[in-house]
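This is the structure I have questions about; it appears just below.
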Amino acid sequence: MNDARTHFYQRTSGMQATAELQLIPLGAGVSVRPQIMRVITLLQTYDLLIETHASGTNIEGELHTILAAVAAVHETLHAEGTIRIVSYLKLETRTDKPPTLAGKRL
Amino acid sequence: MNDARTHFYQRTSGMQATAELQLIPLGAGVSVRPQIMRVITLLQTYDLLIETHASGTNIEGELHTILAAVAAVHETLHAEGTIRIVSYLKLETRTDKPPTLAGKRL
Amino acid sequence: MNDARTHFYQRTSGMQATAELQLIPLGAGVSVRPQIMRVITLLQTYDLLIETHASGTNIEGELHTILAAVAAVHETLHAEGTIRIVSYLKLETRTDKPPTLAGKRL
Amino acid sequence: MNDARTHFYQRTSGMQATAELQLIPLGAGVSVRPQIMRVITLLQTYDLLIETHASGTNIEGELHTILAAVAAVHETLHAEGTIRIVSYLKLETRTDKPPTLAGKRL
């Protein structure tokens, strides 16, 4: 059987990734800045490199840590009252060299 | 300490989600159909509802299972030779009613 | 000088594209179905092939027609009262063969 | 009749927008930096505010100018040899205040 918990526990590979997360809370009104600020503070509790910009947050770190952080962001915002969340995650991995945010800058 | 494995183990919440995954292998040439077919077969091994369409794959299931599947897709494709992967994941969760693909159709 | 109108007028190339549009109205509450239904009816007034699915709308047609439709959707929803709109557009073009939604299905 | 050129010409509204563009050339190998650099230089020929970051390029300007630039990027890269292009465009507009990149930074 596939079980998410067992699966993550067994397969954690140390694979590095870069990502971009943008999160939109629905039903929170036109301004969503409080929720976005909360996303940033949550991401900062993880062992991840975080770079905010005008259209989202760039992230560098271990693939499973990034995904754990994304899940925790959804769960925590819901626990704190957000009713509906849509998030957009770009995820990049590569085997020819370590993926880094620095390496992707122009 | 934040550890992705511990975190996932402890926090698995049973939270349901809907998602859309689109994956692009880079360095695999203009046609990427073999890798996309492999993504589908990998997703189908999970306890997830899967609906393919022309621009990606819609997914319904437990949030952590979806994220475990996405991680496994990256890891497996790399293990099978894909050098660079960019994936786009839309993730929706809500607390007012269970999120389902059926409920999102027009 | 670069002027969007002149530019479009002069450069329209007949280039075909496939696309996926997902639109999120902010400040419209948790349920956004009325706005999404309006997006579909607006897209249907264009010379485009439209396929709705649970995570967005797939589109096939001339590149500039697709972009004109996206602009009109933003403008019309705002004119009808939506205060803030975030849309996500995936756009695919290729020169080796005509891009079609049918050709992208698995 | 809906005609993209006429439509754009007639409806150009001066509506301001913020956007993020990420473009992936397929069939260009693992490294896509030359094409990405070309995208930036093309965007810079438009009357747009451009901010590059590790996961894409943030853009501020008139909605139709942004869309004209995106179309020109696809057309120019194809004309210069890229066979297949997938681009991701986030587009934000709002009527309660002018949308700016500065206003979206945290």
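Just so it is clear, A, B, C and D label the chains in written order, and each chain counts residues from 1 on its own.
The criterion applied here is as follows: contacts are C-beta pairs under 8 Å (C-beta built on N, C-alpha and C of every residue); 3 or more make two chains touch, one makes a residue touch a chain.
Every value quoted in this text rests on a predicted model; they were computed, and no experiment measured them.
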Any chain in contact with chain C as well as chain D: A, B
Rounded Å distance, chain A centre to chain B centre (Cα mean): 14
Chain centre separation (chain B, chain C; CA means) in Å: 24
Centroid distance [mean C-alpha coordinates] between chain C and chain A, Å: 27
Residue list for chain A, restricted to those that touch at least two other chains: 26, 30, 83-84, 86, 88, 90, 94, 96
Chain-level touch network, classified as line, ring, star, complete or other: complete
Chain D - residues contacting chain A, complex: 18-20, 22, 30, 33, 36-37, 40, 51-56, 58, 88, 90, 94, 96, 101-102, 104-106
Parts of chain D lying in touch with chain B, wherever the complex brings them together: 24, 26-27, 29-30, 32, 83-84, 86, 88
Chain C contact footprint on chain D (complex, rising order): 1-5, 7-9, 11-13, 15, 17, 26, 45-47, 62-65, 67-68, 70-72, 74-75, 78, 82-96
